[in-house]
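We just call them A, B and C in the order they show up, numbering each chain from 1.
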Amino acid sequence: MGLEVVSGEEMYHLAERLYPICRSITGNGVRETLNILQEIVPLELHEVPTGTSIFDWTVPKEWNIRDAYVRNMQGEKLIAFDRCNLHVVNYSTPISATVSLQELKAHTHTLPDHPQWIPYRTSYYKEDWGFCMSHDQLQSLPDGDYQVSIDASLENGSLTYGECLLPGDTADEILISTHVCHPSLANDNLSGVAVAAFLARHLRQCNRRYSYRFLFIPGTIGSIAWLALNEPITGSIRHGVVLSGVGDRGSITYKRSRRGNAEVDRAFHHVLDARGGQVIEFHPYGYDERQFCSPGFDLPVGCMMRTPFGQYPEYHTSADNLSFISRESLQDSFIVCTEVLSVIEDNRVYVNQNPKCEPQLGRRGLYRSVGGETHSRETEMALLWVLNLSDGTQSLLDIAERSGCRFRSIRDAAERLIECGLLAAA
Amino acid sequence: MGLEVVSGEEMYHLAERLYPICRSITGNGVRETLNILQEIVPLELHEVPTGTSIFDWTVPKEWNIRDAYVRNMQGEKLIAFDRCNLHVVNYSTPISATVSLQELKAHTHTLPDHPQWIPYRTSYYKEDWGFCMSHDQLQSLPDGDYQVSIDASLENGSLTYGECLLPGDTADEILISTHVCHPSLANDNLSGVAVAAFLARHLRQCNRRYSYRFLFIPGTIGSIAWLALNEPITGSIRHGVVLSGVGDRGSITYKRSRRGNAEVDRAFHHVLDARGGQVIEFHPYGYDERQFCSPGFDLPVGCMMRTPFGQYPEYHTSADNLSFISRESLQDSFIVCTEVLSVIEDNRVYVNQNPKCEPQLGRRGLYRSVGGETHSRETEMALLWVLNLSDGTQSLLDIAERSGCRFRSIRDAAERLIECGLLAAA
Amino acid sequence: MGLEVVSGEEMYHLAERLYPICRSITGNGVRETLNILQEIVPLELHEVPTGTSIFDWTVPKEWNIRDAYVRNMQGEKLIAFDRCNLHVVNYSTPISATVSLQELKAHTHTLPDHPQWIPYRTSYYKEDWGFCMSHDQLQSLPDGDYQVSIDASLENGSLTYGECLLPGDTADEILISTHVCHPSLANDNLSGVAVAAFLARHLRQCNRRYSYRFLFIPGTIGSIAWLALNEPITGSIRHGVVLSGVGDRGSITYKRSRRGNAEVDRAFHHVLDARGGQVIEFHPYGYDERQFCSPGFDLPVGCMMRTPFGQYPEYHTSADNLSFISRESLQDSFIVCTEVLSVIEDNRVYVNQNPKCEPQLGRRGLYRSVGGETHSRETEMALLWVLNLSDGTQSLLDIAERSGCRFRSIRDAAERLIECGLLAAA
């Protein structure tokens, strides 16, 4: 699988275009987002009607919002949805009323510890209306009445998601999933959307051993819907990763799948061990790996982030904006993905065709001719390791792990040995 | 299993009453001790006749002592059994003679490193007479003759032990054993006797999944006798602990069973990991776990102590007296036992009834309704862990270990999930 | 197996005698070496004809050298083979010619980082001629022509190796192999030759449970030849070690077999853990363990060295001379070998004949008669461990590892228990 350089600039530009859209778990924001992604990679769009039963859940009513504001009695707009869509609690029911400051406060969320930031809040499953604003602004509001208006609808409709399948040499699949339900938040989740979209575009141009399935879905309810409607497909998923929060300036974090030591877990560990980056254990909280790793599925799906969610104060606030993510981080995340996928694509089991004693590498041009030097060269060591361990039980990643050699060196050694007939597929 | 507060005062008071009695592996001292214990918990008393074959051993003659002294030729009592029963080597043969200082010294044990303490010594299986005294006192004896007298008997009789079975919902048993053969020594073994007796009283009042068998037995020969006479019962013992030295001011030490990772070992590890306290590996020296863990039985029985025996200088000396143990330590030991038993009682395997994707906890009142906050609450995490791992192969303790949550949180989460039908017994 | 003291002096003296001989992978140098070894231990000499197919390899032509020099045009001998046999690239083709300084340099190896040392270089499988000299000497050569002469022959003949089989109580074998193909290099490989030869002499005088097979073979091609010609024998090899570089002043290094935790690996680990010395993981570069551990054989054969090869600058240079090795190190290496072999010889599985509860050790004289002391004696602990763990699944080495006791204590305890009928072979 060749490495195409996708520029961080392209991914950042996509995030910029998507940033102003007010997304939610249903509604036109997601549709608008997926339409823009179609420019990068062809997506199949799915609409799952309100009321559809999906395991323990039901697809909710579709939410759409046109405008919202808070005005003082002088008619001055203090809070305006069109300035920042985080101002409205996502999934707010419509309202148009005059309320006291006290009642407004009861429906308002702020962040006292970060008094200038606006929090991001949702109320998907409890019908209510609410606003979010900076703590400073709330504090500055004088006693009195306020006009509040949320021009939104919560009606039967559907849940929308996008899917892209890139067939490979086998029907075995690698699943790459990212959520598309957050409004104006850059790291969570536009960074994941951007990296996933360009990864799909990149992989379309590559030879693929595995088939790749990309999902652009609303968080939680979207993955539950997909799993409920596509259960037979899950048997083909061999590896997978959820991408989320891959644009901030922190280093890479990979969270293992529930299985703990699946091939995708080991591939990430191998790549991050060399590049820097941490691998953390599975826990059943986070993104859609919660659903993919539920015990009835137990899919080998981990989650790649940079700074783990919830460990940066900007998380789920207006400070997770376009300046919080960087072109370099987006590009670095993209490259880590391609490196890990390259390990998985090339990780096979071979058998040494000359298992009794070492073969004579010298006459095949694989070994120096003058003996007596202190050290074997690194490429020679990789050849020796592949020959020594390729007994039909150990994959190239097994060999890389035991030898301490880079996977790439081991794979290159295997290729050279295959060329001269010393190694063959198991 | 509810937690009743047993006061350290009650246990300490029991130790005080038992302290003056001269116990040994047979004889009236044990009988008197068990009679006092009957006031706290009903005991079945067993008498195993001298000469009974018990595996490689034979029940020895019964030893009883009435009085003993060493007098100088002026008739002055230098050593008096009624002042401290440690003065006589336990199981001494009777003697009444005038001996030289040299001969007296040959039959006397002292502790030169702790010249004011009297050692505790036994001679169960080699018939001999002997005295123990402080090194200072021995040094102060002038040359000359001494009158020595030990008014003891060593005759056919029996070995006595007490047993209490508290039936539970199942015939599977938890064994709690403590030795009752030491004379005036407080930590070793009155602390164990006191904690075991009050634990039995406490458990009588609880609902019990397991049956509990308490043994109050002479060390070594007593556990050998019990095992020999009750071999068929051992097949029902699922967990067990030997209590000894649980009254000193050190922190808790748990020694693993021979199996090394039995459920009782893991339960102690889990509880001590949170409370403080050390877990040490099994070794075949110590208390009656030596017999329970002999390879022909290999029972899952560990040993709970505070400071490990032999690691405090007062061990097996007159300095292991009532001031060496504390009410607080007795109570703390009691509480650790109840916590560990609570883990074992409640450690079951459940099955998530909604294993495909997470169930919707919100509509069951198990999850906050406003989304977007940084962290899940601890109780929510416990719910998610139980749901995620309850696939029919993992017990609540397995889940607590993997999640890092306290067992209690995991058990409470399981109870809430059972209530709303999301979890069921495996 | 008793311990005979072989003096480092004897081994050092053997190395001194063998040092001047110009060995290679074939030729009279090896024959002369093996003839000298015959004085110490009877060897069966084998000649494998040039052209014999041995797996992927072919036995090469036999190389013999009589003389070689480089002269300036004044007839002055600048380089003389009879002063140091490292001056000629091992396996050089014959030449007699006048060459320019430039051409001479193209055929000359030096060590710029160690300008006074002569490197050791070989060209077994690429026919070429060459010289090795100190970098200082090469730098001092003035421009001009030089007479070069290598009076060598490369002709059909045979590869020679020596073998010594010491039959034991069973046909199961312990393989001890060392290479004999290096010319005037002391640590690599005369130290290994000396220790192996005296180890064979020592073992001839011992009772042997295992049969011992000693191989004195040219490196790589020799072990490949032996394996190819003796494949059926390899099924009897239960343990093995390659000896190389065991005379320098560094501490012992043992490199594990490919299996990683074979009995020989564990025995070395146990011995070195107590004595000091490091155990390193297997890697497929080094000495003849590369062949013994190739995947088609995967024999439990490790490699014992002192300083690992290639980690001392003198390696494969004229500085690896007789002053680089010491009598003390040779003797220490010999003793480590005998200790490890003693562990392997005595490592058996026994069964406690009294598995239910402890047997009464006291009446068998195996336990102190006065009880109450703080600690069990070390010999008592070993007895208790052997009794506790000898359930028919655990060997004495398993017991030593788990208990932390020395193997010797465990073995002595087992012997005492066998004597009194408490333990029997599994």
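Observations
Assume a contact is a pair of C-beta atoms (placed from the backbone, for glycine too) under 8 Å apart; a residue touches a chain by one contact, two chains touch by 3 or more.
Keep in mind it's a predicted model, so treat the numbers as computed, not measured.
The two sequence copies chain A and chain C touch through a face in which the numbers common to both fall below half of the numbers used overall. Rotation angle relating chain A to chain B: 120°, from a CA superposition, given to the nearest 5.
Computed from the mean C-alpha positions, the centre of chain A lies at a distance of 54 Å from the centre of chain C.
Contacts with at least two other chains are made by no residue of chain B.
Those residues of chain C whose C-beta lies close enough to touch chain A in the complex are 54-57, 89-90, 109, 119-126, 220, 223-224, 227-228, 231, 258, 283-285, 290-291, 293-298, 310, 315-316.
Residue ranges of chain A in contact with chain C, taken from their complex: 352, 354-360, 362-363, 369-376, 380-381, 384-385, 387-391, 403.
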